[in-house]
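Shared between the two complexes below is subunit A, which pairs with subunit B and subunit C, respectively.
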Partner chain A sequence: MGIVTPGFAGRPRSGAPELPPGQYLTPDFPVLSAGPTPRVPQESWEFVITTETGVEHRWSWAQMMALPQEAPTVDIHCVTRWSKLGTRWQGVSLDTLLDGVDTAAGYVLAHSYGGYTTNLPLDDLRAGQAWLVHSYDGADLPAEHGGPARLLVPHLYFWKSAKWVRGIRLGLEDTPGFWETAGYHDYGDPWREQRYQGD
Partner chain B sequence: MSWQPARLVHRRVETPTAQTLVLQVPGWAAHLPGQHVDIRLTASDGYQAARSYSLAAPADGDRVEVTVQRVPDGEVSPFLVEGYREGDPVEVRGPIGGWFIWRPAQTEPVLLVAGGSGVVPLMAMIRARRAAGNRVPFRLIYSVRTPSDVFYAEELRHRVRDDAGLDVAYVYTRETPEGWRGEPHRVGLADVSAHGWPPNLEPVAYICGPTGFVEAVSDLLVGLGHPAGRVRTERFGPTG
Partner chain C sequence: MTELPYLDGNMLDGPLGEMFAVDLSTATGRCAHCGTAGPVAGLRVYSQAPGLVARCPICVEVMMRMVRAPDRAWLDLRGTTYLRFPMPLDRPPGL
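After this line comes the complex of A and B, so read on.
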């Protein structure tokens, strides 16, 4: 237990859903970005998986939309401490996109329109854990929330769910991304409260 | 980075709903302007709540400052503003953040654009510039609802008078001061054109405020030709 601050009671504890440590619930959908919001038209959008040997797998918007679609409803947890429950998305499972990609890689660096990057283990994109999503709550994903398409990796802190994602590079070694280079955790498991390097 | 005990040594009223808390943190590491700190409160039954707050000033020895805006129905900020007494402990960890920072070694002109309580990390930059005797030109565009919502009002007046190369322009969205020329409005193209820097001076911009504000201002700057990579943003969600 931490040091008690006299007079602090906090919110009522009963009936609250269980959240990862240090998180609080919000009904809003806050935005966290490091810079201006890129505007990417669907017509010029593409998604590319680049393997460790340099082989590229590309999808245009129409090709991506023609893939089998899934509609995950998931809880999301931002490292800035808000959590939002039961968010509804639509998109393509990374299992579908990685199907037929020949790789021995253990790591992924996701990269985005606008220059953002974030790193994840490849296993965390497999087995029904990750999607390339283009819709939120039944409508096109707004640009400030990462549209036209973003990653959705809800079991990790939400900065791993790269907005405006353009592709993933598969690698044999882990390469820290944007926030990871700025002191945030390489893995980012909210249930283990891996916010910053060393957590 | 571990939680460290801290103690409230002083508080200053900034507005009717915002206060600056001066915390003493034994062994605090130095920080850069723009970085933030996590503050954790523990109730007597062990329940904990933590929030992030921007550091408002360079460290003064082991003393650090945050400015807390009271969020209606918030869990932490109303307590920090109204219930937290001088001498009482909290826990902190930090400093945190390595992107939305200004280093005194930077040489390019700086544009700061603040929406409401988003001024806090930008004030840390202004204060760090002053402390370092830095002469890099700074311009602050500060959007507030009414004149009584301005944080650090008295100090900003002194800084503009005493700190060579610092300009401050206010934009009022609801109510202007007596005798003010112009109507209340949101920050627009005319404001960033008149009070910002042209792109050819290759400035770096720091924008901090609520999401809608940051979206609007960063879109304006990109539209004026500022490269997106020179526009750094920090958005304040509801940090109750």
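After this line comes the complex of A and C, so read on.
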């Protein structure tokens, strides 16, 4: 495993925690899922970045764990209105994974074991804003929370942080994902309360 | 060649309203992925999610998604090739 460095520490707080509009605080970690929980052994797990020209960059579990590790502590906000503050994760920055990937793409479609998809602008995965995380609160990420590895993009609603992520496809055009094709907002900024299309 | 005339979508209000008013628990749905036709009541519905996701009990692919905002709703049926429901004989088709 590489050296662990502290990551993004969330918004500074003074006094009562600040929550995005329409959110409530929970000490729990609710489990949400649109289908059965995939069980992916680490031995067969892989993460693939596919560029708009079809070039693939692949990491096995061991290769991913050998990359520099970060330990972000972040607030997360689910579109079903719960927020959880100060969650502790460990994983690899998307900056690290995207380093050396030659692309002119502006968009990403993340895809997961089990078939889930979600779309984001590529810029939202860069500059210390997103991670591929494999640990939560000091332990392996449980399958019900997206283990063996999930995306963590805490500045957007949590449906963008794809559980059981298998890869990202880079594209020149925006391709809406699972919830984005069924009424949810294309971008999903909790501070602007972008829950549904048209918000 | 003579083009057939078409009507605007307002004419669907009656026929669609008649169908959406039926008891869907007795309806049959056909999965667009595996082709299995079975009762809507037999679908596997995942509700601990941002919307309702109904999956085929045979192939587990998504057949229906429902998202409810305070002032609007989405019903996505791209995973369903048809819904069939019983209609009362005393209400003959009016098409």
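Convention: the second predicted complex is superposed on the first by the 183 of 199 C-alpha atoms of A that agree within 3 Å, B and C clash if a C-alpha of one lies under 4 Å from a C-alpha of the other, contacts with A are read in each partner's own complex, and residues count from 1 in each chain.
Definition applied: a contact is a pair of C-beta atoms (placed from the backbone, for glycine too) under 8 Å apart; a residue touches a chain by one contact, two chains touch by 3 or more.
On a predicted model such as this, the values are computed, not experimentally measured, just so you know.
By the document's definition of touching, of the two partners only subunit C reaches A:W159; subunit B does not. When both complexes are overlaid on chain A, the residue A:E144 reaches subunit B alone and has no touch with subunit C. With both structures placed on the common chain, the touch criterion links A:T37 to subunit B but leaves subunit C unconnected.
By the touch criterion defined above, A:G22 lies against subunit B but remains apart from subunit C after alignment on the C-alpha atoms of chain A. In the superposed model, A:W82 makes contact with subunit B only, not with subunit C. Set side by side, subunit B and subunit C differ in how many residues of subunit A they touch, and the one touching more is B.
In the three-chain superposition model, subunit A touches both subunit B and subunit C at residues 30-36, 80, 115, 179, 181-183, 196. Interface residues of subunit A facing subunit B in the complex, by the touch rule stated above, are 1-11, 13, 22, 24, 26, 28, 30-38, 80-82, 114-115, 144, 178-179, 181-183, 196-199. Of all residues in subunit A, those touching subunit C in their complex are 30-36, 79-80, 115, 159, 179, 181-184, 195-196. By the touch criterion given at the top, residues 46, 48-51, 53, 55, 60-62, 65-67, 69, 72-74, 76 of subunit C touch subunit A in their complex.
Touching subunit A in their complex are the following residues of subunit B: 1, 3, 5, 40-44, 46-52, 75, 79, 83-85, 88-91, 96-100, 211, 215, 218-219, 221-222, 228-229, 231-233, 235, 237-240.
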